[in-house]
Amino acid sequence: MKQLPKHRLFWPAVALVLLLVSNVFFSSSFFSIRLQDGHLYGSLIDILRGSTPLVLVALGMTMVIATAGIDLSVGSVIAIVGAFACLQVSDLSDQNSVGGVLIAVALAVVLGLVLGLWNGVLVAVVGIQPIIATLILLVGGRGVAQLITDGQIINVRSDPYRTIGAGYALTIPVAVIIAAAVVALAVVFTRRTALGLLIESVGSSPTASRLAGIQARRLTVIVYVFSGFCAGVAGLIYSSNISSADGNNAGNLIELDAILAVVIGGTALTGGRFSIAGSVLGAVLIQTLNITIYTAGVPGRVTLLFKAVVVVALCLAQSPAFRAKVFRQKAAVTA
Amino acid sequence: MTSVTTPPAVERPRVARARRYGVSSRFVPVLATLVLFCVMYGIGIANYNGFSDTQILLNIFIDNAHLLTVAVGMTFVILSGGIDLSVGAVLALGTVLAASLLQAGWPAVPVIVVVLASGALIGLAQGAIIHFFEIQPFIATLAGLFTARGLAQLISTKAIPITNDFWTTDATERIHFAGFRLSPSAVLALVIALIAGLALAYTRFGRNVYAIGGNRQSAALMGLPVARTRVLVYTLSGLCAALGGVLYSFETPTGNSLTGQGMELDAIAAVVIGGTLLTGGSGFLAGTVLGVLVLGLIQTMITFQGTLSSWWTRIFIAGLLFLFIVLQRVATRRER
Amino acid sequence: GGDSGGGNDDGKITMGFAQVGAESGWRTANTKSVQEAAKAAGIDLKFSDAQQKQENQIKAIRSYIAQKVDVIAFSPVIESGWDQVLKEAKDADIPVILTDRAVDSKDTSLYKSFIGSDFILEGKKAGEWLVDDSKTAKGPVNVIQLEGTTGSAPANDRTSGFADAIKADPKIKIVASQDGDFTRAKGKEVMEALLKAHPEANVLFAQNDDMGLGAMEAIEAAGKKPGVDMKIVTIDAVKDGMTALANGQFNYIVECSPLLGPQLMDLAKQVVDGKEIPKRVLTKETTFTQEQAKTALPSRKY
Amino acid sequence: MRTEPPVAEPILEMTGVGKVFPGVVALSDVDFTLHPGEVHALMGENGAGKSTLIKVLTGVYDIDAGSIRLGGEDVRFTGPLQAQRAGISTVYQEVNLCPNLSVAENIFIGREPRTLGVIQWRRMRRRSAELLQALDLDLDVGALLGSYSIAIQQMVAIARAVDISAKVLILDEPTSSLDASEVEQLFRVMRRLKGEGLAIVFVSHFLDQVYEIADRMTVLRNGRRVGEYTVAGLPQSELVKAMIGKELAVLEQLDEQEKPAVEERREPVIAATDVGRKGAIEPFSLTIHRGEVVGLAGLLGSGRTELARLLFGADRADAGTFAFEGAPVTMRGPRTAMDHGVAFSSENRRTEGVVGELSVRENIILALQASRGWSRPIPRGRQDELVTRYIEALDIRPADPDVEVRNLSGGNQQKVLLARWLITEPRLLIVDEPTRGIDVGAKAEIQRLLARLSGDGMAVLFISAELEEVLRLSHTIAVLRDRRLVEQLENTDDVDVDRILATIASGVEE
């Protein structure tokens, strides 16, 4: 029991619960979930559904960060993929044709992979520092997205496409199912195979890993491709949710939230050990924080301060050094 | 058991002299940046009317005095192996604070002092949190970003115009020489860069920054004042950002909580383009100055181009950045 | 004066136009209008995009001065802080025309004219419609307001204009007001949360169409009928917004027209010819009800 | 040469020192006394707590129990900086310098010569060159430290500490990768400092060295003090017994131990022809056969490590060809070598060897897993079996496969690294300083292991600064000098240390 607070996900979990509970003061029906038009409806569902793009992006980011990299371009990838998919769908003679939408979605996902590959090659093959390598796509990608949309917001009126981000299957939001599936896939791939171990090794010591025969270059490319994939799927969900693609604003600044989620989840930016569960928790936590800000009616001008306070408090609570220094929890280590 | 082997009587060869990278190897990235900058400048001259005017070059300094100042602070942070995301927000806070104090009727000097002090204070707080509570710099300074911008918005969400005489006259008076113009801010920024460069090369503090960036544990075991240096580095960055805010408000006499969004990335990009490694411990301030010049040059070329739509502007910037970085990388590449 | 030379000697007017960015469909329409009008008027346009940064805009203007254009036009990112660079333009004898947003310089000789909309007035018009519409309402009128990006001029002005207007009727109350960042996604997300926190709300005031459109989806998802269960007032009148209005999903739109290109080119020609021009030109704007939208929609350009 | 135990007041007294890490009691009730003008050896097996004692003393770790008196006053340092200011300078076990700074700076950083606060680079470079001269090192002091081999870095660290030392000088395994002549240089300096009244703490697993330089020793076992002895009063066998807690038969056998007969060399495992790399090593040709142990001999910086790295593909050769088992192969990197059964344990275990953040288990299976590819994970059962086997075989302590490797003592990390390569069952094992920092017992164990493996047909390329060790194990000895392979000797009875040293010195080519 005493060990519980030492678990690295203990404090984020506490923060999540606190935030959720605090909402009740502003919205008495916060925890109520009812069935409406044949699907679940309630604030908790909103949070889950609303957090899916961030969960996905944070998932890809986790892998990238585990290799001691960083991917700043995720927001732009979201914009590009969303724009591309919407353009394809809007060009369909029948926007409601499931086949046409599926093809558009598949192409868009491939585009996400390609963008990830671009980053991966710049980092692993050309050898550019990740932050700068992905900065190129961050800057240029949004231009590409706007090029695709011609600076306009592309609207689609396609029910199959709308289903991805705003639809429900078996009363559950489709977006949540997709995100859960990708997360599960990532867990299986990293923990049931040796991928996770090799990534962690490359992240904590690239030289030692190379000399142990790990093909760091290939792995690095793979994680960036995966990040591109995650951002691409997030882009689909994002644009489908509002049935339109906004090249300029889609996914703007999401990279910061994603990195924040990863760090809150216990993965260090210096690479090495990573925790997928932690990142998911972190992403949901951030979304909950946003929703809490709306629900509690925190005025726009103090929103940032509010966020700052929560982030600092959470990081300090998580920091063993802080607890040791401030609460003098010294000794008592004899296990 | 025999005692330890003694060397034979023959003259023992000395330890082989190590292969050297050559003195200049450390300067290769900076030199590459310089050469590429010149090439790019040449391309500009060849393609655009009026580009060869030296004033264009000076304008880059005038336009980017604040960015240069911010990037100087960032150089210290990155050299020490950290990162500071809060600079853009601190700069914005600086402008808002200055504007609101001036609006309240404060005279110029105390306002500048207060602004600089508050920037330094934010930096100090970040440094302390990062070092003593072992919070990752990225996150601590992200929280710093939220805080600084939040404070700026708390002071005023509306832009506050600055009408103070010092701001509108003295500080913005152009310095004329040989037919060219330079702003006092630009001169100040260059002086600061020079001082910072010298401090990095010729003071203990500067060398400690490099050592800590190279290997923090080792630096601590070597008995270097790691805590003091790290905290100071962030304090300095906060100070530079606030000063950047003051310089910025000279050029655009207004306090606006939305200024400087994304400036942290510009500053980081400038530092890294200048050949400094983000992992810390390697790089020069001269590189940072070059990095700022490169970014400014890209911007200038775009305005000269003048036919780019909004999105092509972005793609063009990214393209130039890409070309530049890849060429720089190829130029400095060493085989394993 | 027009004799300050020009980038080229073919007698064509050269105009440097420093746009804010391409942050919305509205802005893109604005850019297009300027570009097309310039072509039509035979003006050589140097266009630059500031990516929503004042510093970039200043750089662009400075570079136009260096390139010795005949006239400079720009939409200021924010109102203040332009004196220095405008002074430089004045020193170089290059006339400046402001578009879309004003600057707050004390020295009004720094620019020749301002052409654009009045954000406060837009907020006011929205509020006035609501006051008018609420006359018949029995119960309280509970408004959710989706603001634009915190700190931006339109957000500030529309908020205050709206607040001013609804003071006239004590029945009208703003129950929640949140930053929706002028985007659809944010508008939807914020509205989802606010609908649950404030089930009593029956009016939405969105400070642009996009947020209104996003919020509309949230309202539908909550099982309410936009335009009926929840009245929606917005500003801008972009095509998607007008369509929603015509469909009865929105109730009222205050137009904020981006199409000021032709007016701008006229002014530019006059000013280069050395003619006196008015200090302030308002864009031709109107408001739309559902009925008006239906008739206006087919001829809308953007 | 040996002095009597000094009669003066102790300069340093540690009493009842205790230190606990989560799950491990590293030190418990340890007393340690140090007198001015003595060299005091700290002895113990890997993981006995020597380094921890030093780190507790210098404030790297908080002390959990006990007290420290320096010069008669109670002290408790909060970090190496304070310790340094109080007159204690330390060379920690792993090289702890900054590779991104020049050699001169590494010696002087934190105390650079200054005028009016401005660092005098020229003076600094001159003085560091002088300091290194005293250690018989002729380096380019302006070059980056990271461009030098680990052994030279160690010498630089020593030069720094020696120059700083005021009252107490602590050397934690300073000689682990030095060769005999460097050790002799170091000892010369130590004797001089001792003569000047300095107190020196010396840690080494080379018993010979301890007996040569030390006056007294304190023996630790499992974090407890076994006792304090004068060197004269404790024969080596007794010392080993004190350290290990039992007689060590192996040690006596070691000298007589027969290497497997030099067998017929029919099957070459690897053949390198005219392989070289500019600036690192001149083109050389070397063939290693099944069951053969080839030892590399040479001085510091003679290019042994560089040669080994080329054979493994760690560095790209810019000349020459490779053939594995007779078939020519293009070397593309470590993976090519590994695919042909080559294993390489680097001398620089901290940055090129173990992955500190990973557990012992993960570190051990890392290379095997890498060569299987990520899609074929080693089943947990098999992992357990392999890991347990080697933890036992190499006596890795603590014997817990799930501790992070960075929390292991230096010697135990080295064992983990060896285990990593042994489980890949290589056809050629390249070991660069495999016994670095390993205690007497384990060293003997490792040597026996290597001998047995070669007997089973494995080829070994063995690099060690300790020539005796090379001689004892190798069938063939390749001598390097100035980054050139100058001679390959058959290790027959008439080859001895002096003969090799003479070859190195003269560089005769055949």
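Residue numbering begins at 1 within each chain, and the chains themselves are lettered A, B, C and D in the order written.
Everything below uses one rule, namely that a residue touches a chain if its C-beta (ideal position, glycine included) is under 8 Å from a C-beta of that chain, and two chains touch if they have at least 3 such contacts.
Predicted model, so just to flag it, every value in this text is computed and none were measured.
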Least hop count linking chain C to chain D through chains in contact: 2
Chain pair, B-D or A-C, that carries the greater number of C-beta contacts: B-D
Geometric centre distance via CA averages, chain D-chain B, whole Å: 41
Inter-centroid spacing, chain C versus chain A (mean Cα positions, whole Å): 33
Distance between chain centroids, defined by C-alpha means - chain A, chain D (Å): 45
Centre distance in Å when chain B and chain C are each reduced to the mean of their C-alpha atoms: 35
Multi-partner residues of chain A (at least 2 other chains): 146, 151, 300-301, 303
Two or more partner chains touched - positions in chain C: 21-22, 28, 31, 150-151
Interface hub residues of chain B, defined as touching at least two other chains: 153, 157, 309-311, 313-314
Chain contact graph, described as a line, ring, star, complete graph or other shape: other
Chains touching one another, given as label pairs in label order: A-B, A-C, A-D, B-C, B-D
Residues on chain B engaged by chain D in the complex (per definition of touch): 1-8, 10-21, 23, 26, 201-204, 207-208, 210-211, 213-215, 217-225, 281-282, 335-336
Chain D-facing residues of chain A, complex: 192-195, 197-198, 200-201, 204-205, 207-215, 219, 272-273, 331, 333-335
Residues of chain C that touch chain B when the two form their complex: 7, 16, 19, 21-22, 28, 31, 45-49, 51-56, 58-60, 62-64, 66-68, 78-85, 104, 106, 149-153, 156
Interface residues, chain A side, partner chain B - complex: 72, 122, 126-129, 131-133, 135-147, 151, 247, 256, 259-260, 263, 268-270, 300-308, 311-312, 315-316, 319-322, 325
Interface residues, chain D side, partner chain B - complex: 60, 79-81, 83-85, 90, 92, 96-101, 105-106, 109-110, 112, 114, 117-119, 121, 136-140, 142-144, 147-149, 152, 160, 164, 180-184, 206-209, 211-212, 236, 279-280, 299-303, 315-316, 467-468, 481-483, 497-498, 501-502, 504-507
